[in-house]
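The next block holds one structure in the form of structure tokens; read it before the comments.
Think of it as A, B, C and D in the order they're written, each chain with its own count starting at 1.
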Amino acid sequence: MGRNLNISQCVAEALTLEMHRDDRVMVIGEDVGRQGGVFGATRGLHKAFGDLRVVDTPISETAITGMGVGLAMEGYRPVLEIMFVDFIGVCLDQVYNAIAKNHYMSGGRVTMPIVIKTAGGCIGSGAQHSQCLWGLFAHLPGLKVVAPSNPYDAKGLMAAAVESDDPVIYIEHKGLLLSRADDFTFGNDVPEGRYTVPIGQAAVIRPGTHLTLATLSGTVLPAFAAAERLASEGIDVEVIDLRSVVPLDVATVAQSVEKTRRLLVVDEDYLSFGLSAELVTRVLEAGVSIRSFSRHAVPDVPIPGALSLERAVVPNQSSIEGAIREVVARP
Amino acid sequence: MTTLSERFGYMVWMREFELACLEGVPTREIHSELHTAIGQEAIGAGMAGFLRADDSLSSTHRNHLHGIAKGVNMRAMLAEIFEKETGLCGGFGGHMHLFDPGLKFSTTGIVGAGVPVSVGHALAARARGDDAVAVAVVGDGAVNTGAFHEALNFAGVHRLPLVVLVENNEWAISVPFEKASATPTVAERASAWACFGTRVDGTDVEAVADAFGAAVERARRGGGPSIVEATCYRFRGHFEGDADTYRSEQEKSARRALDPLDIAARALIDRGEASAEQIDQRRQTVRTAMAEMLASVRADQQPLPEKALNHVFRPVS
Amino acid sequence: MGRNLNISQCVAEALTLEMHRDDRVMVIGEDVGRQGGVFGATRGLHKAFGDLRVVDTPISETAITGMGVGLAMEGYRPVLEIMFVDFIGVCLDQVYNAIAKNHYMSGGRVTMPIVIKTAGGCIGSGAQHSQCLWGLFAHLPGLKVVAPSNPYDAKGLMAAAVESDDPVIYIEHKGLLLSRADDFTFGNDVPEGRYTVPIGQAAVIRPGTHLTLATLSGTVLPAFAAAERLASEGIDVEVIDLRSVVPLDVATVAQSVEKTRRLLVVDEDYLSFGLSAELVTRVLEAGVSIRSFSRHAVPDVPIPGALSLERAVVPNQSSIEGAIREVVARP
Amino acid sequence: MTTLSERFGYMVWMREFELACLEGVPTREIHSELHTAIGQEAIGAGMAGFLRADDSLSSTHRNHLHGIAKGVNMRAMLAEIFEKETGLCGGFGGHMHLFDPGLKFSTTGIVGAGVPVSVGHALAARARGDDAVAVAVVGDGAVNTGAFHEALNFAGVHRLPLVVLVENNEWAISVPFEKASATPTVAERASAWACFGTRVDGTDVEAVADAFGAAVERARRGGGPSIVEATCYRFRGHFEGDADTYRSEQEKSARRALDPLDIAARALIDRGEASAEQIDQRRQTVRTAMAEMLASVRADQQPLPEKALNHVFRPVS
């Protein structure tokens, strides 16, 4: 184990390695430079690579994302930071009408090797600073979408995202960024050197036989804890960390459900028209027969301000345990 | 007219309000990143008294003082910030999302997003044909958002009764104004939107009041939109928990020495309108009142979890 | 039948009646005034109601939507036009962080009776002018989403949208706006007076026993035609026009599938993380057992420019026939 | 230096290119709303000759002339507009989405969205440390978008080598410029972003060339960003099919009388650089060449339907 890095440090380490490896990589965003990111995930980059490659910007997300398009057309590989994913609404146009589509619209002639690095997840900041929104990006063709749950993946998926010739939305979880490797029972051994975690591959975090629980990002840890807890009651849950939303690793989930026949999707994003229904549907389309399935996600409600309300709508260990029990108890 | 003494009173309440908020952070009663405006009280207090109930005010993530200036119930604000069901929004909003529809007061956590909202308020006055004024307060960081431009341009075209008050505290989190703005001041940009533009010392409550009052008056008379830029400094980090290493200790201590409350107090004393003891006493009185308010708010309940699904849509009647 | 209005005229008629009924209704957007809308759907309003209630704007969608928020807080009921739904990316912030959430964030104290009127659908204009995107809005809590398929609904849903105290995204289909009532075999009798079509209620357009085909907006007409065509081959399709995406009328679809046991969702929006999976999942969650289901939608690809490519990815009558045959042929 | 005669040549090609495009509309070979720039040729031709291959150019929905000015292969453009697999983008783009990466030319159908893209190009020049220049062409309607403001502000802060050429044809579809812009001109706004600003008669190809050339030169020398506003008029509706009733017949015929091609031709004749017959002959020659190009493009295939799923992502290697 050794290095007890927090996730922000893993991200910064990945970016440092990528910037050393490829001098076309630039990092652009608010507070990414001198401050090293509001969560520290770009710390050290400005010092190491200077003003020309690490650019602090005004609060101008449309400029940030639009510049990414121009830079990509010049052969650069921009990593663009949108501080909180909630802010994507001011610049989604550049993201889905240009970054996501220019490769297609140009008949493959233009590439958009762009990473949009952003932070999602609930840490008590109310409706405008707590969203996940991977379901929103995933609906829009041309974007890959990843959301790591642990230190190892945070570093490896960032390397893979920067290396990708396709645009990648990289969604950190604010609640995890300051967690240290030792807080994790999985993905806690982070090599110093460069490595990648392949985009589009889920990981079985815990094998089990009674139920397949698929989730990602900030809810992997409480899902894992819930599974461990219920193991003592004889409920044996297979926990899958999806890691990527696009491409979605349906095969791994389908294979698991072949065995367990039960599927629970836990999603910190909104319930409807998002990840959970897509995954259930795709597993069924894969021809797997499911005895029962369930979705546990934010019940189509903005994230409320007060902690008492927030707890009522955001999946946590105890609510996940409840959801597991409910599915397993079904005939 | 509001006197300096009255404005000083506002400043004291504002300062004490922010100090009360700070108490909720280490105790985790406030479980998100709190933004206080300590050091910027001369702006909030400079606005006070000019706005009627039917004038509107949209504010930002750093919004408490503006709410106080608009006359929003302080206890309800404090309770919202402390996540209580007695809060201004029943605990659904949180400290970045304060709404008082009766006073046409609202806030947003999205930088720049309030300015178009205020233009909507101004357009409503135009549609009604009355003389209500719409005010948007934003930070210096907001002036480089697309929202700011689109909103001011629209207000300029229609000569709407809009006042945009820019609290230029020189920093947008860690990014200094001069690295974010193509121009050295915001005020000089005003003509791009056919606005009147002015820049004042935002630690001088009377200077703010003069400039803001004139802009409101102009808007009310049909004279069109204004930008009032008030220079200031936030004494604390961007939010509670911000290590604030991007600003030098030297800069911070030099600027904190220019405390707008002290500046106003000194003016009151110089003019013979109050003695140092009276000033202290006034501050003490407010401190006591604020402590009582805080204690009372703390005794309130958090909203009931089973209410969390309410208010997504209006109840079906 | 009598009045052979086109759909734009139906929309304009609805808006006219609403503006007469309620002087708090305003219409704001690009080219909505003197020009009466680029598709004519606001024709006559400026003349009837003047500059103060019908406002031509600069190309400033963030201002348009943001002003809507302020106007709503002043007691107005703004109808905001975003010319093509594709442009929502420049102003989604105001839509999902303010319009959709202010009611919730204010604990119910503020209401946002706002209609966002916009045009979607494919008419050959390539990747940036052909999207539907109802799946995107539907993922974001606090927004109702409707997309009419015929003249009657176009008028009645607009009336219901303006009357609603909740924000409503009203998505016209560009390909339908100039279609006349006589082009339709359903929803072609448009009363002159005011009426509403309830938001959240699907309509069974054609009863059938072998398969439930659920769709909406521009694909209802070709789906209906496909069903009629296949009837001669003995395939009896029940065609449901969902009309609303939020709230989704799962009950009507579930009831139909109870009978047919087969479900085909046809969606001109993108396939994944959208309407089709949500509907399949909800029907299953309703406890209906489905013998087989299928989704026919734009296969996660931007809409291409050339007609030959466009036809390959956008559902049309013949591709819908193929999809019906495929599902019905399954064991 | 490009001579007036050469610029006239560009204008003729541009006009004939647009006329060729028009032929595809009634036949439905072009199945979307075509935007032509007939009447605005003096701007396109005024740009020609100043840009190197490594300079970039981002354009709009009304983009054909800019592509020609940048040196994009005309046949490939025409084929893309006619939805052929031989098109610049293999038929995947369509007429609003032209990309020539080798020439750093791109377009967008989203008003205003090209300006930040050009700032990215300019930032690349800065990062490389070379003297490439980034040009964005937009219409008068685009200057009121948030994208325009954010992009120009960033360019102003960093003194980037950016030239924004605004084709002010007085209308954004049906909305006249004076009802959309808070200022009577775009150029006067330039100082809000620390840009150089100038306004020229965009029917005078040499005036455009002078202003545009100077701006490009300034950017290349490190003199920072400029806005060049060129006044003009679009002779046809916003798109083919637009009833164009919002502009009075009187206005339209008066403005169409100021045909930039005629203006340039007259200047050539006045200066004794060409006779009326030579002018006619040049136009006729280009017309014939364009007709041949069109015929040849028409013979090309549409892209194969089975390719429609390509290019969403890069092929997995």
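As a convention for this text, a contact is a pair of C-beta atoms (placed from the backbone, for glycine too) under 8 Å apart; a residue touches a chain by one contact, two chains touch by 3 or more.
Predicted, not measured: the structure shown is a model, and the values here were computed from it.
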Chains contacting each of subunit A and subunit C, listed by label: B, D
Separation of mean Cα positions, subunit D and subunit A [Å, integer]: 40
Intercentroid distance (Cα basis), subunit D paired with subunit B, Å: 45
Subunit A and subunit B, separation of their C-alpha mean positions in angstrom: 35
Touching two or more other chains - residue numbers and ranges from subunit C: 57-58, 60, 62, 86-87, 89-90, 93-94, 97, 101, 104-105, 126-128, 141-142, 300-302, 304-305
For subunit D, residues contacting two or more additional chains: 87, 89, 91-94, 97, 108-110, 113, 144-147, 150, 153-154, 157, 179-181, 312
Category of the chain touch graph - line, ring, star, complete, other: complete
Residues of subunit A that touch subunit D when the two form their complex: 26, 52-53, 55, 57-58, 60-63, 65-76, 78, 90, 93-94, 97-98, 102-111, 141-142, 144, 165-166
Residues of subunit A that touch subunit C when the two form their complex: 62, 86-97, 100-101, 104-105, 126-128, 135-136, 138-142, 245-246, 248, 270, 272-278, 280-282, 284-285, 293, 295, 300-302, 304-305
Contact footprint of subunit D on subunit C as seen in their complex: 30-31, 33-35, 38, 56-60, 62, 86-87, 89-90, 123-129, 299-302, 304-313
Contacting residues of subunit D [partner subunit C, same complex]: 31-33, 80, 83-85, 87, 89, 91-97, 108-113, 141-142, 144-147, 172-175, 179-181, 245-246, 302-309, 312
Subunit D - residues contacting subunit A, complex: 56, 58, 87-94, 97, 99-101, 104, 106, 108-110, 113, 115-124, 126-127, 134, 146-147, 150-151, 153-154, 157, 310-314
